[in-house]
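Should a chain be cited, it is by its letter among A, B, C and D, assigned in written order, with residues numbered from 1 in that chain.
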Amino acid sequence: MKRIGIFTSGGDAPGMNACIRAAVRTALANGLEVYGIYRGYLGMIEGDIVPLQSSDVSNIIQRGGTILKTARSDEFRTPEGRSKAAENLKKFGIEGLVCIGGDGSFKGASVLYEEHGIKTIGAPGTIDNDLYGTDSTIGYDTAVNTVVEAVDKLRDTAASHNRLFIVEVMGRDAGFIALRSGIACGAEAILVPETPTYIDGLIQKLREGWSRKKHSSIVIVAEGDESGGAYQVADAVKKNFDKYDVRVTILGHIQRGGSPSAYDRVLASEMGYAAVKGLISGKYNVMVGRQGREIVYVPFEKAIKHNKELNKYLLEIAETLSR
Amino acid sequence: MKRIGIFTSGGDAPGMNACIRAAVRTALANGLEVYGIYRGYLGMIEGDIVPLQSSDVSNIIQRGGTILKTARSDEFRTPEGRSKAAENLKKFGIEGLVCIGGDGSFKGASVLYEEHGIKTIGAPGTIDNDLYGTDSTIGYDTAVNTVVEAVDKLRDTAASHNRLFIVEVMGRDAGFIALRSGIACGAEAILVPETPTYIDGLIQKLREGWSRKKHSSIVIVAEGDESGGAYQVADAVKKNFDKYDVRVTILGHIQRGGSPSAYDRVLASEMGYAAVKGLISGKYNVMVGRQGREIVYVPFEKAIKHNKELNKYLLEIAETLSR
Amino acid sequence: MKRIGIFTSGGDAPGMNACIRAAVRTALANGLEVYGIYRGYLGMIEGDIVPLQSSDVSNIIQRGGTILKTARSDEFRTPEGRSKAAENLKKFGIEGLVCIGGDGSFKGASVLYEEHGIKTIGAPGTIDNDLYGTDSTIGYDTAVNTVVEAVDKLRDTAASHNRLFIVEVMGRDAGFIALRSGIACGAEAILVPETPTYIDGLIQKLREGWSRKKHSSIVIVAEGDESGGAYQVADAVKKNFDKYDVRVTILGHIQRGGSPSAYDRVLASEMGYAAVKGLISGKYNVMVGRQGREIVYVPFEKAIKHNKELNKYLLEIAETLSR
Amino acid sequence: MKRIGIFTSGGDAPGMNACIRAAVRTALANGLEVYGIYRGYLGMIEGDIVPLQSSDVSNIIQRGGTILKTARSDEFRTPEGRSKAAENLKKFGIEGLVCIGGDGSFKGASVLYEEHGIKTIGAPGTIDNDLYGTDSTIGYDTAVNTVVEAVDKLRDTAASHNRLFIVEVMGRDAGFIALRSGIACGAEAILVPETPTYIDGLIQKLREGWSRKKHSSIVIVAEGDESGGAYQVADAVKKNFDKYDVRVTILGHIQRGGSPSAYDRVLASEMGYAAVKGLISGKYNVMVGRQGREIVYVPFEKAIKHNKELNKYLLEIAETLSR
């Protein structure tokens, strides 16, 4: 292998730039040439591809977002689109790919291999942490810290006013952000799609807290929780328990941005390094993962099955500590 | 005067604790006794009043919210409620008050004086900066910084995706937060209630920017803008200009919280100091203000008239720099 | 076991409060009474011991430092001191202890057991991460983030002036903080006590970088590096390579403070929970550790041997990415 | 005037980029061409001069440092050096200059005018706030916030250990940073070059505080204080009062970096705008200043005289509130 390409795909996540930097420099240090493909599969189809040197990735490790940008491509979902993409890669002499993204991106890479033999190795770049086979994805730690900092600010206000804040965080299918941030900000309750949400139980808990003079509370709700989200929870609480001044906050897109945390910068560096090392040693159709202290390679089909489980121990701790 | 009371009222604002600390210590240094009244006028009616020592306000200068809490009181809007409040003050021997709050709080203090002769001096504590007679209110600088930090995060994401973010910030009647934060984060447009909002012009501007390869943009909207808010603006843009992936973010209550900025801590300290000094020298029914480099005392009736003007120079700068 | 004590000892670390909160609430949820012992072994000797309720640990999860304070005690190093401590524990009916601290604290606990049969379980609270048997200690992640934020600021200045900054970080015996923060801020070199430091090699690297137009650089030095620290490295560089304007920054005690990161709050919560659960199930003279995804119990004598190794994979990555 | 140049000079300061952006866009909006001169007077001599478009200053408002870099130039101190600089400006057709810097930079600009008739307008870019004629300089508010955040972290640790921290902040000739940051972090004492420092009085104050159970303290020292700095103060305290565990922290260069605060971004935008407007209307050899709510133009010779006074009111407040 002499020349590889690198691209980011799907929603952006803090740490993607650190991963790009690591992959580029590892490739160069191992005698490979590297091309950056802009805007994911869209740029692959349009031939938006440029060579990258070490200095092109200087001073980006601390930046949120992705310098290679990311975009959706409907055309890539068609065989014709993928043929164009493959032709462009051949035209540029690109023999292997590093894809930083989530499940959709890895599915695309699998199909590209089946149809055109393009070998791709993935690095999990998504704040949602919903990929199987890795303890943590690039961007997850930063997103949790962003939530925690925001909720710390809300708590100032909650404590000054005897208020209940219902805070909705990202996670359409998974409660990872909600669970860790809920523990970290001492939330009184954490509502996630993976466990049944009993509004009656929540109200009972708030009532008991109130009677123990706990006059401000935070409830964290994952956007994919079966309750329907923060507004629905707020309505239900207001109808049944009127002591609190109930307020809703939807944290939204700020969760995707910001300078990556130290944890995410190190993880992204490890993963960019391991991705290129894996590609060199012949691996493809696999995602780099971190399991405990080990860096592992997880087949794409396993990684994207959405069966990663929430840590039950943390659920139990959350329950105990919120009393 | 031998004994004064201090309370916070209305929405909480970062820096209120710094102001409480300054007022308490200035009072003690001048031989006065100080009582803290919890939960504003509500605590005044309920007699939730305790003596404060210097050590009670140690280590609070950096905390958001207010240690004295704040609450709404419907009862205080009645003559009976105000009589109870006045009786409690007399019972505790409180001869003057420092009120940290906004226009509603100062109106209440005026009535209390008219009916019961209680002398109050105000310190402007509100993130909205909508009080006449002071360049800046306690909490305003922190709120603007909170908005700017959030928008910096959004810009990472916007730049990675060619997105337009419409960001709604606080300001029901006034565009102060929107204007300063809009300039500080380099927003492409700033929509405030004080000036007419022309959606056509906005779309034209976005169109021109796009043609100049400006593929990510931020628009800041004050919640009180006559457009109706961020969702309305987003809908109008989407209908007329489909290049952008348009997203809405409502920043919400995080704008009220957080550790106060250095600016707000110093301002709040100056104002708490000046409030007590003013009370000692016989001033009342006035709000402490900062005009340029001077600390001034502004009659309540002037301060609360909601006729403070946006800085036209800043509007002009915003217009020029967003090109 | 009916009543336990909890204390913090040694240098403070962000997350200690989160661990106290978790231990207190877990104990109460399991029917135990909990006493807080102030100022570590010093307070144990002086009988500075108070009962703790759930509300005593409200709203502390986000605070740096330790509400139970910490202190050195020379008296505890004597048999007489330890006898006094043991007597006080008996007087208060305390049957087990949770000790949040580092190696010195755990040694003290071991001796207390040997001499007086007091059973202690430890939680590793130290920013240095130098305890064997746990991937991470409470406070380490926050300290690394603090370093990274500081170095990000220095990089602004370095890049504006063509400067070389030599930054000294904490770590008298170990390079854990230096290594992770060095990778996370993209340092050009990382000097740690665990590996030999070749100043000649460093200068050669800076020279090569300069010739490739890399005109600003950051070098991270652990305070315990055999080079002698940042000033010594700076002197050596200045003598041999005069292109750079070389500056030294000693980050110092800010590394111990600050609101804990989300990671540290969750880790501390897990550890406080596990410590009490361990005590209940009969464990003692062990430290709670985290290994990969597992919570483990590590005998004190193993934990404190100072033979924890730096992650070699990270050293290799650091070397590759700094080119 | 058809074409102007812009450069940054002296120590870098957060907000310089915001000022560059404002000046460039204001110039373009007024039909001028703009050239960026890299590395201050050094680049002027070397002809390191490039045209700037609006997009060249996109997405820099939030960045610390200066994209135009800054450097010292001994050659510019010679008539020959200045002749080269003037020739280069003529060669590029540059008719006026915007200089963002401090007193030394403005002196240079004055000489350049005397000798070669080059007209320069200045914007005060320095964290030290030591220029007469403006309430605030670009970077000052950010530097004060950086100090305050660092000291907040130290206070966590101080409070946990009964420690006294002596913190040295920037300010060789002036105590502006020390005074505002000292008030904002509630320092027990603030030592500045503008007022006599009585170590005896300081020790007396610490002693009194200790007897009132104030067991942790922060003292802020400006580096230019006549005591000699933080280490000297620490030694003197240790010799005379041994209750505290005394620690020294030198904050150093982190004070120059970081993303600018909202205040500095707005101020820098105003000043960049006003500088170009001034140049167009025929002003030169003047510095843009902010006095209260007004933007003013201050002759260079007045601005650089180092006779700006500390706000006495703030000194008095600091004294009162630290009790």
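Simple rule for what comes next: a residue touches a chain if its C-beta (ideal position, glycine included) is under 8 Å from a C-beta of that chain, and two chains touch if they have at least 3 such contacts.
These numbers were taken from a predicted model, which means no experiment stands behind them.
In a homomeric contact, the two copies may use the same or different surfaces; for subunit A and subunit C, over half of the interface residue numbers are shared, pointing to the same surface. For B-D, the matching interface among the pairs A-B, A-C or C-D, defined by over half of the contact pairs being the same residue numbers, is A-C. Averaged C-alpha coordinates give centres for subunit A and subunit B that are 35 Å from one another. If you average the CA atoms of subunit A and of subunit C, the two centres end up 28 Å from each other.
Each chain gets a centre from the mean of its Cα atoms; for subunit A and subunit D, those two points are 39 Å apart.
Across the assembly, subunit C contributes residues 152, 155, 159 that each touch 2 or more other chains.
Of all possible chain pairings, those that touch are A-B, A-C, B-D, C-D. For subunit B in complex with subunit A, the residues that touch the partner chain are 8, 12, 14, 63-66, 69-71, 146, 150, 152-157, 159-162, 165, 247-250, 252-254, 256-258. The touching residues of subunit D, counted against subunit B in their complex, run 21-22, 25-26, 28-29, 54-55, 58-59, 61-62, 135, 141, 144-145, 147-148, 152, 155, 159, 180-181, 183-186, 212-214, 259, 261-263, 265-266, 269-270, 273, 291-295, 311, 313-314, 317, 320-321, 323.
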